[in-house]
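Presented below are the structures under discussion, each in the form of structure tokens.
Look at the two complexes coming up: subunit A is in both, with subunit B in one and subunit C in the other.
Entry: the complex of A and B
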């Protein structure tokens, strides 16, 4: 709660003919004792030291910078007190457009509407400081500097070794009785380093020995995670071990649970499971290592069309069947769980033929590797044929492919494989559309088909979270069961803070990818512990010291916050009272957007604060002559920057809107809309990210949740006799600055046609 | 001994490495050669497979930089000397002058009043820019840069009178003490002038895939309109030539990883902007690794893209500035001659260090990719190591950050 504020004007970044001195005088007159210092500087950036001095001399506890957007020059205005920015440049002067659609005339004094706009923004800034405070700390007393690694395959072994090398203790949990995972069945590895031409030893024995001998690493064999409870920095891990349950403290986790081969039933059309002379690549590797491969003519078939077509046909049949069953069952609908009864978690099996297709690159490289090994071991006496539709050897591994082309025993061609069948004591592979200028039947002793890498996460709830939102990661179906990130830019983002996936459980990848991935995930795991220890948020609000504070006295245990948190940060007790886990929290504010009782707040971002800012705007009673007033709540990550960029590119918009940035549209509480309506605003625009399966929201669900809440808001407005069309949500991506003018001015126009908010005169 | 980390290159891999290390509590210096951070991704219109804007992720990265006092970055900066050893390096960095104030002043109006024009490299020559400019609206740092070479005499007089411009600013050298180094020097598009059979850059309506990104960008030379450069008419028949200089012993002996997906993505740009247009893609292999195959499925299902397996042998300009493509259908064994309104060469990634004098003691392979360096506490990330997409660049950036941190902590 700032009570002694310094207000600073950066004249060089205001302009627009605004009388900055008059604005300054206005602030002093209106806020009197709350604002202790008001200064106007020609170039504020050169005067940061003066502000520091004012803070010391006058005991300021809040600083308000009026000038360019808060996205500019942040490093120049880092002060030990609460600091806010008023965006007078981009979202006031540069974007100003008079009601007739004209911009400012250079050299002319600012028009009255611009002065009102600037004054409103400055006053909103003062209120924001007045209603905000510096956060205290949510730091853990001590974070547990121990990392759980689930999975003892190549990725897990790498992760364990890297975490130990970084000074952390490691608990490595392996489901089977053998370390090494799938790599145990790989005769040689694909290239791991430049020049990327040669097979590479996986050095598995050395890697295993290094882990087993490392005093920082404890390995639990034949064990699985039974339960993970708590939060980053202080998780309680329960393991199922052969000796019974074991409980341990860990700080964060890397999930390297790997994959299982696709059920052969999906590949019967390719002969797998039908003929003993057909095996998938991983099985072939295993048999080869065991010395059981005697075949001298081997076809490696990369084209999976046969299996795909069969699966498509089955799927169509199954769907038709399901439809029929559904119609039959319509009379007797399934019983819904009774009120208050918790639904029992059932893991959905996401395994499908698609996993075979997604494994294309791993198999292309893998088959080349296997064929090469066979040729090498038999001095090219064995003849290997690689039949592919597309040789998916992307990137630098092309060099490995090229080298393989020179291999004497290795013949490759593009081919559409139309049948794989047993004839007498050998196999026949029919090939069409080859590069040899003819179709042919290939006789061979053995057919090797690709292995579908089905991530373990598609079939098991690996981490068994003891979380309010259930034991598994949410929305895995969006990633076909892979424990992957939705974000192209941020590959380690999961929706469970402190738990990071690596290796083939995240995406099918070759060994070089697994190596990198293990390291990346370990870094994120270490970060989660460090951030918890320091009480700060991890990505995307990295370093944010605020966290949600609950006023439990007023909580009605409605559970909305615990259900809607995109990261499952909130647990609850038997009564349904939320139990916060600050180290799991990403500080998006979705919880307080959800709360009907408004019991949740952040030190520098809370319901009352934004509500007060909304109410601080001077809303004229005379709609006809002084125009409407429209509130814009804009996502600060995408929509707000888009508005800034629009202004900097010369786009302008109606002077009747007042923009307030929000952490995420998910943090928008319906009360703000009511505040705006009762204050007499004529409309509210909510600007957020694209949602749907390819959502762009950095907090996963913000704009989607907001859209859902809009239905309730519309009902409330209807009840109050306010047209629901006065509140509208828009999707505005960060690169859509060119759409801003039409979006805003179009809405303003609709409101003008609708007439004043019926509450205006009250 | 220093626990600070140097990151060479401010593209996506470098930014990721720097930010992730800093968020573990380390001081990090980013040294970026160009005037702005963001690297190649800043020039892209959308990412595959989500078709989302790169500025979305960059904004988050820039926020993380703005809010983290541990990260210091230098633009227009290059490492010019290095001494010392792992754990204890002294790095000499030369900073070219920016000639503008060290804070965000909106010089847009002033810039628009200047007469000089220069070829806009950010748009790969498809537009010109003023001598005082920002590369893109989301350019970071959000500070103009002045290129004195393209000022006219009148501009010079004007610039001299602007209090936020300093024409006399000179290059300077600073020294940094660091314990480990991340090299994320990235890539450059392969030079089309080497591709004589594909027009060598002289065929008017034959552009590169990176130029296509600029054409499709709302901040690009045509404000996002996909048109033929010669007459600004929207194309109806578009051809994509895959592996233009890649997978070729005479040019780049590797696959550039992203080009198949990039062309598929660009077909979506075309389909969205020009519903009547049709695209042909000539390819050797369609490389849509992993779940990217779904994007390929979508392109196939759209009916607006034809895929032809075969290498393009020749590209030439014909009447009406159309482009004639001669190719071989590898499956049918036929020679094809087809005419298009616009041809896009899917040129590959060449490591930036190729044919450059690298001041760091790094072993490079024949193409200029970094191979090794770890023993010296130098870790390469992103496309300096191999061609990668954005998500894998971020992955390797994060991995390199871990190794860099281990080096300075594990003393």
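Entry: the complex of A and C
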């Protein structure tokens, strides 16, 4: 609650013919004692020190910087008091065009509409400060500096060793009675370091010994996670061990649960499980290590079209069957489950043929490695035929590919493998469209087919969260069961803060990938503990000190917030009263967007604050002469930067719009739309990121949630007698600056044709 | 669907690697080589397909492939290969394997394919000519005889009528016969290779195509121009065309000389006017042509040898067959020139000894021709002719 605000104008970053002195005088006149200091600097960047001095001398508790976008020069304006920035450059002057679409005339004084725009933004900034406050701390007293690593395979062992080396205690939980996981079954590994050329020893025995001997690491064999409760920095972990249940405190977790091979039933068309002369690559590695491979002609079939086609056919049949069953069910409706009964969690098995496709790169590298090893062992007496549709060797492993293929007995061709069958004492693989310029049959003694890497997360609820939203990670079906991140650029994130995925449970990957993953995920796990200790958000609003505060007095226990939180941050009690876990929270505001009672707020972002900003805009009554007013609520992760970039690139848009950044469209509360309508705005644009399959939301489903809520908003508007078309959601990706003008001006035009908001006159 | 059953043969791939195609496993079939090659035609270009056949050890495919003879080894493919393969060298290795196995007795081919066979190859003519030397020495009564007027006349020992002429005629026509056998074998394998073009309507006779081929390609050496005029890869100009042309002119001159001398000798027995006696005076036109041929041959040898020495081993390798051929020609030319010089210098021992060696090396050049790289003069012509008549498929 700023009550003594300093307003600073950065003249160099305003321009546009605006009379900055007049704006400054206007602010002072309007807000009087609330605004203690108003200054205009020719170049504010050079005067940051004088602001600090003002804060000390005048006891300011709020600073308002009017100039460039808040995305610019962030480092320059960090003050110990609440600070806001008014975007007078990008979203006011640079993007200005008059209602006819003409830009500013250089050298001329600013047109009236631009002055109104600037004034509105400045006033909104003052209100934002007035209604905001500095957050108090949600820091934990002491975080538990112990990291849980689930899975004792290559990734898990690396993660445990790295975490211990960084000074953290480690609890390593292995499901089986043997450490090492899948790496136990490979003769040699793909390269882990430069020059990335040759096969390398996995040094598994050394890695295991190092972990077992490390005093900081406690290994629980033949154990699983029974329960994980609490939040980052203070989780309570319950383990199922052979000695019974065991309870431990941990601060964060790395999930390196690995994979299991795809069920052979998916690969029957390739002969797997049908003929003993067909085996998948991982099994081949195991047999080879055991010295059981005597075949001299081995076909490595990377083309999985046969299996995929069979699976597609089966799927079509199953769908037809399901449809028939559905029709039958319609005729005799099943009994609906009793109202109020809590559904028992049943893990959906997400194993599918898709896992085979995702595993292509790992199999490409693996088969090259295996084929080379077999040839080497027998001095090329063994001939290995690698038949691929797509040889996918990622990144620098190209060098490995070179080295592996440079082996006399290893022969490769692209081929459509059309059949794999047993004939007499050998196998016959039929190939079409080959690089040899002819279709041919290959006689061989053994056929090796790819291994489908099915993540353990597709079949088991690994972490057994004791969370309101259930024991498993949400939305795994989006990733076909892989525990992969919802961000492209932050690979270890899961939808559960403090729990980070690494290795093949996340994506099928080669050993070098596992190594990197283990290290990365450990860094994230450490960061989660540290951030919990400091009471700041981990990701993606890293360092954000605010957190949702609940006014439980008004809470009706509707559970919307606990259900809609994309990260399961909120638990609840039996009555349904939400129980916040600040360290799990990512500060997206989805909960407060969901709350019909508006009981949730952040210190510097709350319902009343944004509502007041909306109301602070002066909306003219005369629609015809002074034009409409349109509110834009823009997602600050994608849409807001896109608007800035559009302005910097010279795109302009209607002067009738007023833009307010929001943390996420998921944080847009329907009351703001009502506020805007009753204030007399003629339309509301909601600019969010893309959603659906190609979603880009930082918070997984904010814009999707918003779109869903739009139907409720439309109903409300209908009830009020306002056309629902006045509120529209748009998808604007960060790289779509060129679309901004058409999007905004198009909407303004539609509103102009629609006429004024019926509430305007009231 | 009657499909072929492929028989991958890493043994044959190893044979190719040993014959100079050591980089064949590096290929990953991007076909940059086929695009870079200034000679490869648009349809079914080479050498991409040859590389995969080589990797899979497809001997029959490669032996029946006229394309391996179309390559003139400019090295653009190797220079542009992203994987460090040398497709032109692999094609050369394929040709070497053809030389080795095409005609009987293939034992000779085996000797020709590695330095290990060299002593054997040398000993055969060395003993042959030594025996003749010994017999004649017994008849003449001296190992290093002079004529009554004190001149050195090689014919005293290596008497044309009964020694040189019959032996070289048998050798020469034997080699020609073997080359013919080889060519017809190649021709048949080209014909039986799959995917050949069916020529509809009347075609011109083979000798027309052969004449056009000799006129347009061999005579002009224009393929060498196409080769160097390929993509600019920063290679130094290497005088390949000039060197090769010198060699051909040298050899053709010396062949004409040989034909005239042999003709003069035998026809002269019937029509004494046309008789030519050796040694010929240095100003005699035929002798002039002979010495001109020798000098041009030497120039060609120097140019080609320097070129091979200067090649960047990253992009070209010279295989054993390359060096064998160059070496034998060097020896033929050097011993030829030296024997004349020693004769003129009246160094009787050296003259006979060097002339003896000259005969050994000339015999090696001709007798082993069907198994040597020099065989390309017939085999390549055969492949080019086939392509002219039937296309490449």
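One rule holds in what follows: the second predicted complex is superposed on the first by the 750 of 762 C-alpha atoms of A that agree within 3 Å, B and C clash if a C-alpha of one lies under 4 Å from a C-alpha of the other, contacts with A are read in each partner's own complex, and residues count from 1 in each chain.
Criterion: a contact is a pair of C-beta atoms (placed from the backbone, for glycine too) under 8 Å apart; a residue touches a chain by one contact, two chains touch by 3 or more.
If you're wondering where the values come from, they're calculated on a predicted model, not measured in any experiment.
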Contacts of A:71 with subunit B and subunit C, given as first, second, both or neither: first
Which of subunit B and subunit C A:380 touches, first, second, both or neither: second
Touching partner for A:360 - first (subunit B), second (subunit C), both, neither: first
More subunit A residues in contact [subunit B versus subunit C]: B
Touched partner set for A:408, first subunit B, second subunit C, both or neither: second
Which superposed partner A:694 touches (first subunit B, second subunit C, both, neither): first
Which superposed partner A:437 touches (first subunit B, second subunit C, both, neither): both
Touched partner set for A:346, first subunit B, second subunit C, both or neither: neither
Residues on subunit A lying within both footprints (that of subunit B and that of subunit C): 391, 402, 414, 435, 437
Subunit C - residues contacting subunit A, complex: 3-6, 8, 10, 13-14, 17, 25-26, 28-29, 44, 49, 52-53, 55-58, 61, 83, 194-195
Residue ranges of subunit A touching subunit B (in the complex, touch as defined): 12-13, 43, 45-46, 68, 71-76, 78, 89, 94, 162, 165-167, 193-196, 357-361, 388, 390-399, 402, 414, 433-435, 437, 479-480, 482, 484-485, 487-492, 507-509, 513, 515-520, 522-524, 526-527, 530-531, 538-540, 542-543, 637-638, 641, 645, 648-650, 690, 694, 696, 698, 733-738
In the complex with subunit A, residue positions of subunit B that touch it: 12, 19-20, 23-25, 45, 47, 50-61, 63-64, 66-69, 101-106, 108, 137-138, 142, 164, 217-219, 223-224, 247, 253-257, 285-291, 293, 309, 330-331, 333, 365-366, 369-372, 386-388, 390-392, 394-396, 398-403, 405-406, 409-410
Complex interface listing, subunit A residues touching subunit C: 297, 380, 383, 385, 391, 401-402, 405-414, 428, 430, 435-443
